[in-house]
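Once you scroll down, you'll see the structures, which are given as C-alpha cells.
Both complexes shown next keep chain A, but they swap its partner, so chain B is in the first and chain C is in the second.
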Partner chain A sequence: MSDDVILKVNDLHTYFFTESGQIRALSGVDFTLQRGEVLGIVGESGCGKSVTAQCIMNMVPNPGRIMGGSINYYRRANGQVEEIDIINQHPRGRVMRSLRGNDIAMIFQEPMTSLDPVYTVGSQLLEAITLHQDVTKVEAREVAIDALAKVHLPEPHRIIDSYPHQLSGGQRQRVMIAIALSCNPSLLIADEPTTALDVTTQAQILDLMQELQEATGMSIIFITHDLGVVAEMCDSVAVMYLGKVVEKTDVDSAFYDPKHPYTRALLRSIPRMDEQKNSRLAVIKGNVPDPSVVPLGCPFHPRCPEYMPGICNQVVPSMIELENDRAVRCLLYDKNQVQTPQPVAA
Partner chain B sequence: MFAYFVRRLIYMVTTLVFISFIGFFIINLPPGSFIDVYKAQREAQGTSTAEAELEALQRRYGLDKPIYVQYWLWVKGFVQGDFGRSFQYNREVKDLIWERLGYTAAIATCTLVFIWIVAIPLGIYSATHQYKVGDNVATVMGMAGLSIPDFMLALVLMVVAQRVFGFSVGGLFSREYVDAPWSFAKLVDLLKHIWVPVLVVGTAGTAGLMRIMRGNLLDILNMQYVQAARARGLRESTVIVKHAVRNALHPLIMLLGMSLPTIISGSLVVSIVLGLPTTGPLYFSALRQQDMFLAGTFLMFLAGMLVLGNFLADILLAVVDPRIRYE
Partner chain C sequence: MTELGGANGHNGRTGQNGQTLLEVKDLQMYFPIRKGFFRSVVGHVRAVDGVSFTIAKGDTFGLVGESGCGKSTTGRCIMRLLDPTSGEIIYHDDHGQATHIEELSGQEMRPFRRHMQIMFQDPYASLNPRLTLKHIVGEPLVINNICRGKELEERVAQLLRSVGLSPEHMNRYPHAFSGGQRQRIGLARALALNPNFIVADEPVSALDVSVQAQVLNLIEDLQEEFGLTYLFIAHNMSVIKHICDRVAVMYVGKIVEVAETAELFGNPLHPYTEALLSAIPQPDPRNKKKRIVLEGDVPNPANPPSGCYFHPRCAYAKDICRQESPALKEVKPDHFSACHFANELQLMSAL
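After this line comes the complex of A and B, so read on.
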C-alpha cells in the first residue's frame, strides 16, 4: 500500500434496525482514496451514498449501526502518518471529535437548513475555529473573516454578523464551505452540495470547490447523482448500487468505457445535446429495490439489460480487478462464470 | 423590533376591547337581570327588599337604560378599578377577588415552576435516549400522569396523607392557622399543604409538556444543522443544548404564554375537591348564581391574562429567534 492513501474503506456493512425489519443500507463498500484525489460517489437515491459519508464521520443516525468492515483514516502530523481506525472509535469520543471539522470536514445537501437559524454565521464559524485552533478571540475573528473572503463572499465583515435567513442559498453554501475549510481539513466530504441550488449557483459553487481543492490539495469525496458534476470535478468514480460499490474507475473510463451494465445504463439516461428531437430518453427500467428485500444473486439482475438467466440470479458477484486499477462487480467479467455457467450453491 | 412591539401592543388592546364587548353581551344573555335574582333570593329568605335599595342598584348600573349604556358604565368603572358589586356575597367584587388572588397565584406559580423544572429535563432526556429504557419509563409515567384525572389523584393523595402520615392536607392551612396572623409557623403550615395541589395539577402538566418537549426535540435532532454542528466536532452536550434545545423551545414559549390565565384561575376541580380558598370555585358559583359583575370581572381577568401571555410570548419569541426580530 502506498504512503499516499488517506482513507481506506473495506467491506463496510451498515444496517438500520427499523420496526419493519433490518435494512442493509451498506453491504460491503470498498474504496481507497489517495491524498489529493477527488472521488465521486454516484448512484440513485437510496443506494447508500449518504450513509457511507455518515460512516466516515462516524455519525450514523439511529437506528443505524455499523455492523462490520473497517474505515481507516491516515492522519499526517509532524512528518508521521498515524492510522486511525474510525469505526472502533466512540462516536462521541475525543478522537472522533478531534477528527471532525479538523481533519475531515463535511458539507451538506441543503444549504437552507444546514446553518442553525438562531445564531449568526460568525458564531457558527467561530465554533469550529476556536474548537480546533489555538487562537484568541480576536485572532479567531480574523481567521473567520479570512475564511469567508476565501469563498468569495462579498463584504465578509458584514456577512459574519448576519443571520442565515438573511443570506441566499448560494451564499449559505459558501458559508458552509468556509466553515468546513476554516480548519484546513485533509479530507472534505461533500454530500450533494449543489443539488438544492439553481443551475447558475451550482456552477459557481463547483468552480469555487475546484479552485479551493487546487489551492489546498485536499482530498474530496463528492457524493452526487449528477454525472455532469462528476465529469467536471472528479479524478475517479465509484458507482454504488444497493449498498455496494459496483464499479470503481478513473473518470475518463467511466464516461468513455464503462464496464458495469448499471454504469452504462446511468450514462444512457443523461439527455444529450446531439440527440434526435423525437427520440425518447433512455431510462433504467424499474426502481431501486427495497433494501430490506434485496434480490438473490446480483442485486441489479432484475433491471439489467444483459441479464444472464441461471447465473445472475444465483451467484453473488464479487469485485473483479481489471487493468489500470479499475474494478467492476459484474458476472459478465468473471471468467469462471461466463465459461462455466453452472449455478454455485449460494 | 420597536415596530413589532407596537404592533403586538395594538393587537392586544383591540382584542381586549372585543372580548369585553362579547363577554358583557354573553353575561347579559340569560333572561331577567340580577336584580330579579337578588329579589327572589331575598324573598326566599323571608326578607323583603326595600324598593329604594333596588332602585339605587338600578341607577348605579343603569339597568333601565339600553344595553350599550350599561356596557359603557361597566367599562368606565372597570378601568377605574370599580368592578361592581357581587350580589351573592353582597360585597364589592374587588375585595372578594383580592382576598383569594394571592393564594391562587402562589399555587399556580409553584405549579408552573414545578412543571417546567421537571418536564424540560425529562423531555430532553427522553428525546436523546429515544426508545431506550429511560425513555420508555418516562413515556409510560407520562401517559399515566396525563390520563389519571386531577380530582382522582387529589382524593387518593388526601386519603394516603391522612391514613399513612396522619396529617390533614385539605385546604391550605390547618384549622388553627386559618385566621391566625402571618407568622413563620403559618408559612410552614402553608408549605405542608401547598404541595398537594402543586403535585396534583403539576402531574398532568408535566406529562403533557414532557411529551411536547420530546417531540419537538426529536424533530430538531433530525435537522441538518444539528448534524452539521456535530460534523464540526462539537461535544454532543454542546450540540444538544446550544443547537437542538434552543430551537425546540419556540412552541414551549407559546405554551407558557397560554398558561398565564391559570395563574389567576387556578384549577377549578382540584380546588373544589381540596377545598382551596382560590378564585376557581368563586368563579364557578358566580356563573351559576348569575352574579354578573363577579363573573364578568373574572372573564375579563382571564381574557386579559391570556392576551397578556400571548403578548409576552411574542416578545420572548422575538428575543429568541432572529427570524422574527428582523421581520
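After this line comes the complex of A and C, so read on.
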C-alpha cells in the first residue's frame, strides 16, 4: 500500500509572523495522495488551500514559516522508491530544485500574471525544458512544440513565438499546462486553474486536464472553491476550514454522505440546477473569522448548526478515522466526547 | 455607420401585475478603435449590437453570457453611465408615464437616478476607502437634498438594518468589512433613494459560496420588501436559475435567446444556450453527463464572423448560418431564439 503513496502530508502547521501578530495559516493539514489519484482541496478564501500548495513546493513566502508536521514525497526512480522529506530541505537547495518542475509541477489561477509578458511563450517553455532535461537547443524546441501540440493549441509553430498578450485566456492557461507538463511531472498541483476562465473555456481546460491525467497517470492536487469542478474532476476530496482539513473522503461520499457539519452546510448553500423555483438557499450564519483570531476549540463552532456548548468551544478536535479511509475533524464523531455520535442527517 | 440586422423582436411580456417597467429597443453601444498619430477611427468594437428586451415590474430579469459579451455594457447603458450609440431605453414610472432615458441630458438624468440604481461586482473597488459607511450610504441622500444631520443618521441606520448590518458600524471604513458585508453596503447605498429598479452587475461573483447564499437571499428579501425590479447580470448559470424570473442569453453583443427561466433551462432553443448549460460542472459526482465542449474562443467583437456570430463554434452550423444573421424571433409562445434552425433542433436541457 505504501508503495502507491506519492505524497503524505501530516499535521502541517504554517504560521505567518506579521507585524500585527502571528497568523496561523495552517494548523493541522493531513492527507495522503495515492499515485494517479486526483485530490480536490476545497474551501473558502483564506482557508489555507494555496498555502498548502506552497508548502508542498517548499516555497512559503516571507514572513511565513513551516512550524511543524511533515511532508513526505515518494519519488520513483529506477524501480526504487526514494522518500524525500520536503520540509527539511533547503528551499533553494539542490534536492528541491530537482523536485520542482521535474517531479512536482504547478499551475496557477491567473494565466496572465504567471506568464512573463516580455518573453515569448517559447522562451518560457524552453527555460523549463533546458533546466531539467539534457537536450540541445534544437531538440528542446522540438520538445516545446510537442508540448504545445499536446495541449491542443492550434498551430504550435506559430504560438511558440508569440507573446502572452497575443493569446486568449484559455490559450494562456493551455500554455501554462504545457510548461508544467513539459518535464512529465508525477504530481501536478493546480491552484484554481479555471477560476479566471469563462464556463465554456473552463469546460475545455477541464477536459484537457482529464485527458492528460488519463494519458500520463500523474497525480493531481486540484485546488478550487467550486464544488461542481470537484465533482467532475476528483477522486477524493479534502475540505478545509481555517487552516485545517476538516474532512477527507472519496468524492461520492463527500456529496452523498458528508460527515462534517461544514461540508454539509457548504453543499446546502450552493444554488443547484435541479432545485425547485422559489426555494431559499440555506446559509451558514456569520462570516469566516479572521485568521488572526481563530475561535477556541473547534474553529467552526460559532457557525456550526450542531454546536455542542461546553464541548465544541473548549476541545480542539483531532482527525478521527472512519471506515473506508475517511477521516473527519469533528467532536460529534469522537466517542470520548459524546454519547450520541450520529447527528440528524442533512 | 451601417444598420446591422439585429434583434428587433419585441419579446414583450407584462409582469404579474401587467405593467412594464423598462423597455430596451435595439440598443447599440459601439466603442471606437483609434489608431495612428491623428487617432483616427479605424473600426468599432460592437460591445452591444442591437439588444431589445422588456422587463416587467416586480420581475428579476437575468442577463447571462461569457465575459466580453456585452452584458455589463448593456447595464451601464441603461444607467446612462455610458452613452449608447443608438437605440431606445424607455422607463415607465408608477403613473404610467414613459421616459426616454437615452434622450435625457446630464441635468435631467440626475433626479431620474432616484428611480434606478446600480450595484457593482467588485465589493473592494466600488466603495471609497476614505469614506465611512455613513458617508457612503448617505451620499445619495445628501446629493439629492433629501435629508441631513440627525435625520440622515437615522435613515442610514435604518438602511443598514435592512441589509443586515449593525448601525453601530456606521462610523467605520470599508476596510473593516468582509466581502459579503461590503456587498451589503453596496446594496444599502443602492436602496438609499427608494429606487424601483436596480441593476445588479455580478453582485455575488466575487463572494465565497457560503456568503453568496446570504447575499442572494438578501437580494430576494429586499425585492419582496420594497417591490423592486432587478436587472441581474451574471455569468453563473446556477445563480441565474435560482434568482431570475426571465433570462436573456447574450453572445458577442447580441441576445441569442430569451425565455422564462424554467423554459430556457428545460427547453433551450439556441445551440449556444445548450452548450453553456452543459458546460457548467454539476456538484453531483454520480451525474457525469457528456459535456458539449465548444471549439475555439469567443470571437472578437471588433471583428465578428459573418452571418450568425456563433457559427464557427456551432455543431449544427449549415451554409445559411455563414451567410445570414438570424433575427431573434418568437419560436414558441414567449420563447425567443436567434437561430435559423430553432424549430428543428433537438437540444439537450440542463436537467
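Here, the second predicted complex is superposed on the first by the 338 of 346 C-alpha atoms of A that agree within 3 Å, B and C clash if a C-alpha of one lies under 4 Å from a C-alpha of the other, contacts with A are read in each partner's own complex, and residues count from 1 in each chain.
The working rule: contacts are C-beta pairs under 8 Å (C-beta built on N, C-alpha and C of every residue); 3 or more make two chains touch, one makes a residue touch a chain.
Owing to the predicted nature of the structure, the values given are computational and were not obtained by experimental measurement.
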item	value
Partner chain in contact with A:255 - chain B first, chain C second, else both or neither	second
Which of chain B and chain C A:229 touches, first, second, both or neither	second
Touched chain A residues, chain B compared with chain C	C
Partner chain in contact with A:127 - chain B first, chain C second, else both or neither	first
Partner chain(s) touched by A:115 [first = chain B, second = chain C, both, neither]	first
Which of chain B and chain C A:98 touches, first, second, both or neither	first
Which superposed partner A:165 touches (first chain B, second chain C, both, neither)	first
Contacts of A:274 with chain B and chain C, given as first, second, both or neither	second
Doubly contacted chain A residues - partners chain C and chain B	none
In the complex with chain B, residue positions of chain A that touch it	57, 59, 61-63, 92, 97-102, 105-106, 108-110, 113-120, 124, 127-128, 131-132, 163, 165-166, 176, 179
Chain A contact footprint on chain B (complex, rising order)	130-131, 222-225, 227-236, 243, 246-247, 320-323, 326
Residues of chain A that touch chain C when the two form their complex	44-45, 168, 170-171, 198-204, 206-207, 225-233, 251-252, 254-256, 265-267, 269-275, 277, 280-284, 287-288
Chain C to chain A touching residues, read off their complex	66-67, 178, 180-181, 208-214, 216-217, 220, 235, 237-239, 241-243, 261-262, 265, 275-286, 288, 291-294, 297-298, 350-351
